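Consider the two complexes below, in which chain A is the common component and chain B and chain C are the respective partners.
Up next, the complex of A and B:
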């Protein structure tokens, strides 16, 4: 627990320092360049810039702990409100992406390990290699060009068509879920048609990672002696693979999936730009381009915290499920 | 020295000198690498890239910065424009060739700065131990816990956009794994007899770390760097795409994709071709990296 606190404090320290070294004058960013010296001094004091750095840091930590990231200069609203508004979009995208990655990646990894060196293993290797080498923003553009521009199978950028906006009441902020809850099929279909392409692309990246890890975990198990024993006993291949070997890699897989999920939350930054997806990645980058530091750092802290939290969560699961770790 | 006798010298069972033994080890590694077709493909592509960057002025058919608004967005093959022209009528092939210089520059710089940073922090932590070790490793863990692209974004936001700042931002997010490796290596070296011997001769910590610990950490860092190259290329291109790396009119590949993005549905080649270039280079680094790892680090091979 202490290490978690230290890590989070360190995270805040890093963002605080980033906020300090930036060449933009935080006072001028608030009042604009034409303000008088008196106004300047007033805001300077208001922002607490006259206090020593350590006090400023303490105030910053206290604010963040209370969910206060300051006001966004660009939108004029509280950063926490902004993030609360855009975050569900990212969550929806990353969750669907991870689901796709898990449901395709785990079986692919298992098959690649079982049929090691055969064609399915080569396919898995190829998929992984492409996934590790392809710039995600470019793959997104190609996806748009082919599936939207040429084939017309999916809807274009954005989260929902203009006609469908605001039709279903917002409950969770996740459009797919909200439209289902409202029983509105046309909205659901439109939302699905918008999300499927970016989610598949993100899913591809986590598939590359998950299948590679699954393969190496499975190989380790399949080479151990208890598997030989099980085979000698005359158990069917199916039982040997799924009931014996796969059972033993489940815990390791949870860790990998948590990590893949965290990576997708981050990987969605570039994807969101391509698909004009109104999520936290797009929020951070647009804020960045308009020198809105409060929003950038707020977004960074939120994503960083989730990242750390997912890591800890998978660690805890590991300890919970693995009797040896107790 | 004739060709056969040189090979005999390289493959001799009992090397006569340290230089010969080292050359023989290199040669054996090279033979193993040469047997790996995919790794060789990667190597050839990378050599081609270096040549492209070196001879850019000769290979470019046009000035990469000259605009010709009368010839904007022309398709590949149009009047000697191999890959067509972009939205300002600039020749895409020529921009690609000059862009290779920027990519190599970024990769080389990050590959120097990040491991060096990690090496210093890792060896100091490992050698000093105690409270310094705990503090430095905690610091490393914090950076490791941070999502890399987001952290790089925040750094670039603070430092201002540009190639050098992008390099700095990527390096600042890439060093923690190197620090961990260097620390692990140092811990195994720290208590060896030869270090004790050097200490008895009166060498101080600085001398021991820089002259005796560093050289032994280098090889594992080199493996890690080759494997990370593709990631560096992709992050740099991503920053360029977001408009935070190289600034226009610089022909950085990520920025070129970003420029072509507006025209993707009607003029596909403007964004497609530079993206293909990024993909090819990072694929080549991945192929070569995998091959090198098999040669240099047999216990990790095949994982």
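Up next, the complex of A and C:
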């Protein structure tokens, strides 16, 4: 628990320092360039910039602990409110993307390992290679062009069509979940047809990563002696693979999946921009472009905290799945 | 007495970049209800022989033979499905190191009951009861507790006794023991061997005991095959090992230190290239 606290404090320190060393005058960002010197001085004192750095940091940590990231200059609202609004969009997208990546990537990786060197392995390798090497903005644009523009199978950019906005009460901020809770199928369908393309795209990227890792973990296990033991017992190949070998890679897979998930939560900026997805990646980028440091730092702290939380979570699962870790 | 196993002209080959490599080069032997020892140095093909009998040689390895018969089953033509019925149920194998041959994330109990449930339709409660009984038979104290342990929580000797329990629970007729004591402390080696010997004798099983330890094998087995470079160079009754004629066997015997008659220098084995090319001796009965 102490390491977690230290990690988070370190994260706050880094974001705080970034905020201070950036060549952006926080006072000017508030009052604009045409303010008088008197106004400047007033705001300067108001922001506490006259105090020593260490005091400023203490105030900052205290504020953050109380959920106060300051006010966004761009939107004029509290940063915490803004993040509360944009984060569910990213969470929904990243979660669906990771689910797609896991449910397709893990079996693909297992098959590639079992049929090593055969056609399915080659297919998995090719799929992975494209996933690794194609820039996501290109695939995103191509996806939009084909599935939205030409085929019309999915909805275009955004989270929800204009007609459907505000129809279901917001409970979790996750549109799919909210519309299900409200029992509104038309909204659910529309939200689904909006999210499926960007989520598949993100899912494809984590699939590439997850399937390659699954493959190499499985190969390692399939060469172990206890697999021979399982075969000697007369077990079917299916049981040998899933009950014996796969059970041993769950532990490693959890780490990989947690990393892939964290990756999508923090790094889907390009996807969010291409699909006009009002998520945290887009929020941070737009804020950065308008010198809105409070929002940028607030977003960074939230993402960092999630990263740490996911790591703790995967450590806990570790203990659950690996008898040796108890 | 009918043989449990007959093997004629068994070959195990692996394709390599520079042609094929023959690990086993045409050996013939049979196994009755006896303890058959296979002795040889590393790479002599003894482990490959054991695995070939269960058709556990993975691709790209190839197993060929003129005849390979276990009871009424022709192993050469047996499908993978038929082999699965034979493995465990009719012939089983114990490997060298229980640290690697037990699944680290499954409890001892579930691994033993799995071996039984694969071949018999019994209830889980019944399987569990028999697994506890089997652990008791391999002299494990407090078997109920051990059932819930994971492999890393038991010692090496205990792990190997668990392996024995697991492999014998579906009552196979043949047990292949591939260096079953090589990874164990000397102090527990004999204990494990005695337990295995007692179970194999009580059940009237055939045992193939693969080892590099000539002394151990001669004390423990009825008949011994000595393998060299993928072939059998000599077959002899365990009691008559001192009458062995092949220079390789004699060399092996001479390179064993003797506490009663210490020698200043142990003999090093002088290898004759002709041994490689000598035809394999048949150990068919």
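In this section, the second predicted complex is superposed on the first by the 325 of 326 C-alpha atoms of A that agree within 3 Å, B and C clash if a C-alpha of one lies under 4 Å from a C-alpha of the other, contacts with A are read in each partner's own complex, and residues count from 1 in each chain.
Everything below uses one rule, namely that a residue touches a chain if its C-beta (ideal position, glycine included) is under 8 Å from a C-beta of that chain, and two chains touch if they have at least 3 such contacts.
Given the structure is predicted, the values throughout are model-derived calculations rather than measurements.
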item	value
Clash-or-fit label for the pair chain B, chain C on chain A	fit
After the two structures are overlaid on chain A, angle v-u-w for chain B, chain A, chain C in degrees (C-alpha centres, nearest 10)	80
First (chain B), second (chain C), both or neither touched by A:46	neither
Chain B versus chain C as contact partner of A:63, first or second or both or neither	neither
Partner chain(s) touched by A:324 [first = chain B, second = chain C, both, neither]	second
Touched partner set for A:170, first chain B, second chain C, both or neither	neither
Touching partner for A:244 - first (chain B), second (chain C), both, neither	second
Which superposed partner A:224 touches (first chain B, second chain C, both, neither)	second
Partner chain(s) touched by A:232 [first = chain B, second = chain C, both, neither]	second
After fitting on chain A: smallest Cα gap, chain B-chain C, Å	14
Chain A positions touched by chain B in one structure and by chain C in the second	none
Sites on chain B touched by chain A in the complex	138-139, 141-143, 145-151, 153-160, 230, 234, 237-238, 241-244, 254, 257-258, 261, 264-265, 268, 271-272, 275, 278-279, 282-283, 285-287, 303
Chain A - residues contacting chain C, complex	224-226, 228-237, 244, 247-248, 250-251, 321-324
Of chain C, residues touching chain A in the complex	51, 54, 56, 80, 84-89, 92-93, 95-97, 100-107, 114-115, 118-119, 150, 152, 163, 166-167, 170
Contact footprint of chain B on chain A as seen in their complex	3, 6-7, 10-11, 13-15, 18-19, 21-23, 129-130, 132-138, 141-142, 144-145, 148-149, 216, 262-263, 265-267, 269-270, 273-274, 284-285, 288-289, 291, 293, 296-297, 299-300, 303-304, 307-308, 311
